[in-house]
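Have a look at the structure below before the remarks.
Just so it is clear, A, B, C, D, E, F, G and H label the chains in written order, and each chain counts residues from 1 on its own.
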């Protein structure tokens, strides 16, 4: 089983990304997936978490995610002192930043991947909504889902009006990260 | 009622610089928290505050983070007024003097599920100030329609689409209904007019028996507005005439603002995600209802 | 101690008990068969025999809310209800116990709609066993009065701080007049200290009450609440003893055993029916039958130790339930059985569901229950739930 | 500054360290809200005329009078921008939060 | 059968189940974590995917009242609630079952104030076991959807006519997204007949409903209500089988046993935690431990026969309770124990009270529970109630 | 609303001779039962009646004696309006046409414990007529004070004696509070003016959406009056001005009776056990409140 | 007479004789109320002008129109005296109930 | 144990009489007593019952009265077809009537005592409230309580203003019946 943890702020769409990943893995990927937010009353702007679990067999275990294989950080200001708790050694962390080196120094026991999701989002959407870029980046940084599945999940979940742009974002982010690797 | 002329005026220069609602977890730019914060600054330290379930309690009392820097408690959702009554009556019974009890509740907690208890409290004339901060929906649970949600509002339980224009019911006449109880003092206010709100809380503070303030308080999250415009949009609601500023005292209504011209309703609505979908026809309904309402208010409430 | 006996009803006895306990605030809403209590309290307040605020609330939900509010500033409070009213308070009952407000309530046990019935059974309070209230059931008007006074002392004890419900069978106790000894006010004042609680708002030490707690802490608050309820066991026993030494009447704490020393077969019951069971036991004893009664006084905290101990000694146990949990059995039976499941012995059991909606439970029926239990120890019998007594044939 | 300040919270070690029932000291603040901000207000004290409108309207009450000057408790400012928007003198600007 | 799988949450799955069941009237009041269900239903009504009246009631008491009113004229109804909302309905819950209105409700299991907590435990519905509702607990979103459809067929069955509550663990099920197979509307229409009841007002045969009954008859109405609840047992089994043959999924009726055939030690649990228990069982089985799970699906009617049968076969039984009845033990434990008290054998038991206020129940903890049970059969151990897991030391 | 002019008039000559509330167990001379009986005769056979706990349900549905000769049910005490709403909405949803839903509740069931549900129903504008028969106390449980108990009334929870004059609170302004909801139709009535009551029920019958009638209905048992004077005392209440006959329609109030002179309040009070104790001072309070009320009504409600 | 009439009630012998749930035929009346009366109305048909005021106001609805005459269903009259009191022609008097 | 059944109408004071008897027996008679109404929602005017139980030892038995030793009928119109159910053979029935013979014929297995309570009440109270007269009559017709105890019970229960007249009634009724015996 793979466990993915998403760091965002209330209202930023981190949970949507966690669900997109679940859709890609299960609807378009023949795997089993669960996606859920960090349960709670967090308000817009407050730091929040979301999770995706992916496995080849039915996911019976509904206890909390304890050890993440992948961590996605939608906004680098969210990396605080308790950040590395519950991340598996050797896990991959995908961060929306232009300064990956800084985090490689800070978090030496993990593989750090970076992407300037804000820039991609501004370019394509004209708005600072980074969740699909981070999603694309994770798809590239992991072998959780294929690019095709990732794109399909956008079509499944979003209204046509916005799906197209987000597919472009996913693709661009995916390629950007693949090129890093 | 006390002689109102004798009440010392409170304003931003002379009000206490203590903060009684602090470190709370409300969304950035929350209008409700402005209302709570200002009200408590006027009421001061010797205040018992009772808040039912709703955003302001949910963001204020998360153990061990206690954002109310005075005596305060959360009540059941339906029982805010009666728990407030119990505080006021109990404090009197044990011999406390010189204190105020305030209930602070959202529009849903006031006009819907807590309405009966509120009505009962007024009926008993218990010495409590009840403040309803009105953000026009159940926000704490994620923007569902309440009795104070206006016509045409998109909420999560009044979706918009081919078949429905958002909420199909109109905003309950909360202020008039409360006034009809012949309450000692009632008023409407808006955080867009903060000094007016402060004055009214101050008046209520010095009222013996039940008083009621219905304060319009924006919610950027539920309304789909930028956080920084929270005060401005609440002012615009008044300026475009959809929200009115009035008082009820000694059995008579008073209209505090009676502008010749209203600002555009369209502009007000267009700024908010919750109204963006509205058709011209629906906007027309809203405007003409506003006009009817003002006609009636002017006819009956203007001091002759 | 001057003898001061008057002929009053259970409802009135409760009102007198409340008066003697000097609450600051009373908030209640009328409902048959509780009303007489609050009417008498109104009279006492009017007459200034009782210096309390009487709040005319507009519903039971508000009654419990108002008492909680008053308790939250350190006032001693009383409320009373029954049946639909108690159910309408449910949210407040949980809230009150979780908030650790030691409100004292009288509940006039009455059947629950639908069908409507103003008559007595115990489905109202027994269906709310999980609401975190201490629940005691009394057998006559004297016990009702005395338990109100004890209730304040128990509920307000610093290790307990848990609300308490004193249950009286509707009509059978609430509306039946009998001779009751009225304690002297001075002695009650000595017995019952002023209400002191850390759990209140004050200007000396401002507090935030009734907060929310995240998964990090919630279990601990619930653990503490459970602990407080168990703390009530020694407290209520001590209070009863102290009451006995002061007023000459004691009620044996969690349970009362009647002729159980050598009993082979016992009935377990709550409230007023215990009296009738005693009469039947006396009769059957004359005929040499070793029968006894376990009167459960407290349903919460539950007298697990007492039930287990008795279970070890007897051969058969019948439980009279004036209630039914549809799709299973009587609630008292379930609770008793759970205790019995923990002893290393099988006791033959039967559940007698009776008195529903006010149906009389007669001496003959009680004797029949005992005989069924004897049958169960002498021959192979199914452990079953029987409705006492149906007026019609069934498909069974 | 007359606002409550962040205080250290001792995590209960024993069940008796918990308060009896849900009751706790009013105004006790073990957490700050600084982490919520993505932008922060910057006051231009030259432009400010100390009208106190920002002080009155801050939803979080973080603006305080500091010897005739406006000051902001950055532990609790959430960066909503109300002060900047409402300032009649445009004396407050919102700038991107630094790491 | 076309495969139509979508990735939705438990709340959304319920909404889809409701839509497929074609209710006439929906009345509900928002409360976390139930809201998503009613929001989706609002969307469906708006979009005319669902031809129902959606009533924006002003409280939960009114929600249940409105559904009863609609049911009383023969309409199929739905409501949903959670926690405080469910408690605020209590009077209506009893009223509805006594009135024999087969309302179907979704309850999002959530902790109960005070302290406030929006997180999941099962104290809300388990504290209302005596209210006369059929209660089923589901384990995932698929079961949630399927059980809504089954619920209408069970509740409206002429021998049952009893309201039914479908319980989903708050957040863990309500807010977790997973793949769910959506039944085809035509097939659901074939499966689920129109609602027909003798218990309604009509102009063809005017009736007086919801009357009062004197002691002469009240017991009989309660007997009948109890009988109806027991009638539900064969009905729900049949419905499940028929559902299985039509839709390819069945849930085993009253309980589901997981690897119990040869188990020495079993855990009894409800709802979502069952999944985690399965995982632990699979692991422990690999190490040769004979462990199993009894998933209780229906708490009312209670699976007494199933619990007894299993009790006869195993050596130890642990009960996971996401609730606590203060002053005693977990409510599921009490119910299970009562059944076990009726078999002629002592089974070692433990009560694991966990998940309160949303605390996680981990695989390690579940393994520890199993190990405690093994300990209990190999050495003398007290049968006790343990809170899982406290973050602090206690006085015990 | 329908064109009221087109509604056929109903009176004692042409009303159905069927009885729909019959064989009930109300006290001899019960005024509430007159109200129920007349209302149902006007509403007719295709009516669903919902009654909360209270005298009229308690005396009407004692299995196997079913005194409602139409479709009727008892509701929970707090849920009368919402159960009524459910009936109306449900019947519509299953396709029924041409029927009326009526809720009939006492003053306590209406103004106190059932008030929230009533307010919610009006807010939704469900198609239900709500009739409150007002006997000014909780009678079914033995004469306790309700929100509609007038000042000075002796009830079992507002005893009289050295220290208290009976009820110290005033009668809640139920009609105005309901009207303030901007309900489609609302009216006050008295069984002492039966034709007026019949007319109002008839109007409400033909109103779409929520309508409300507050009918004054004597209770010889609770009031301490002879059984035979039940109608007369309810008439006298109107004639002495303590009860007024009014309507609210199309957003406007109408005062149906506006007598030059009132009959004596003293006489009215003196006839009733519940008021016998009243001091001159208390009677003076009652009279002067009446005068204030009429002054206000005349000022605001008289069609100009 | 168009009032419901007393009907015989078959006492249930078997549990299935009970209705399913609390529902029963509207207007089913197994009991009369005649036993409540201590006085009874006596109509003077000469004096009666058939104004129907008594018919309108009887709390129990027991007065009916009987071919242009007033008649009373004595099974359900409780003897309250409202009819006699309200009759404008004093055509009804209340007399002591006979055994 | 002696069981006494009172027949009256809602509002007529039958229950008060049952309590007076209980007071006389317990407060003023050293016996144990229970007094209770027929539980139920009966309205004013409806036929209702009340009961008193008297015994020398504590009255534990709270089940319904099954077999009455004494029956008091406050208004002869209350004697209907089911009347004799639950009356012990040989029991004494005290009826407010001027025609005792009629009831002796109708109810042959009981001792019938009569009194014109209405007349006594009208004479002394000026109102048709017959409960204390019937109470006095029962005291005379039975040995449940002494006349003194009966009179004391009135003092205990009633306000002085009305106690005096009612004591006169009790006494008169008592003597009237004693004279019959």
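As a working rule, a residue touches a chain if its C-beta (ideal position, glycine included) is under 8 Å from a C-beta of that chain, and two chains touch if they have at least 3 such contacts.
In this text, all values refer to a predicted model and were calculated from it rather than measured experimentally.
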Chain pair with more C-beta contacts, C-D versus A-B: C-D
Comparing each of E-F, C-F or B-E with B-C, which pair has over half of its contact pairs in common by residue number? E-F
Centre-to-centre distance between chain H and chain B (centres being mean Cα positions), rounded to whole Å: 63
Cα centroid separation between chain B and chain D, in whole Å? 24
Distance between the centres, which are taken as Cα means, of chain E and chain D, whole angstrom: 46
Which integer distance in Å separates the CA centroid of chain E from that of chain G? 51
When you check chain F against every other chain, which residues touch at least two of them? 25-26, 28, 30, 58, 61-63, 66-72, 74, 76, 78, 112-113, 115-116, 119-120, 123-124, 140, 147, 169, 227
Where chain E touches two or more other chains, by residue: 32, 56, 58-59, 61, 84, 88, 91, 95, 98-99, 113-116, 118-119, 206-214, 217, 220-221, 223, 225, 227, 358, 360, 390-392, 394-395
Interface hub residues of chain G, defined as touching at least two other chains: 12, 15, 18, 21-22, 24-28, 36-37, 78
Touching residues (chain side chain B, partner chain C) in the complex: 45-46, 48, 50, 58, 60-63, 66-76, 78-79, 81-94, 96, 99, 116-117, 119-120, 123-124
Can you tell me which positions in chain D touch chain A when the two form their complex? 35-38, 78, 97, 99
Note which residues of chain C are touching chain H in the complex, please. 5-7, 32-33, 118-120, 170-173, 175-179, 272-276, 278-279, 358, 360-363
Can you tell me which positions in chain A touch chain E when the two form their complex? 19, 22-23, 26-27, 32-37, 39-41, 59-64, 66, 156
Once bound in the complex, which stretches of chain A touch chain B? 10-11, 41-46
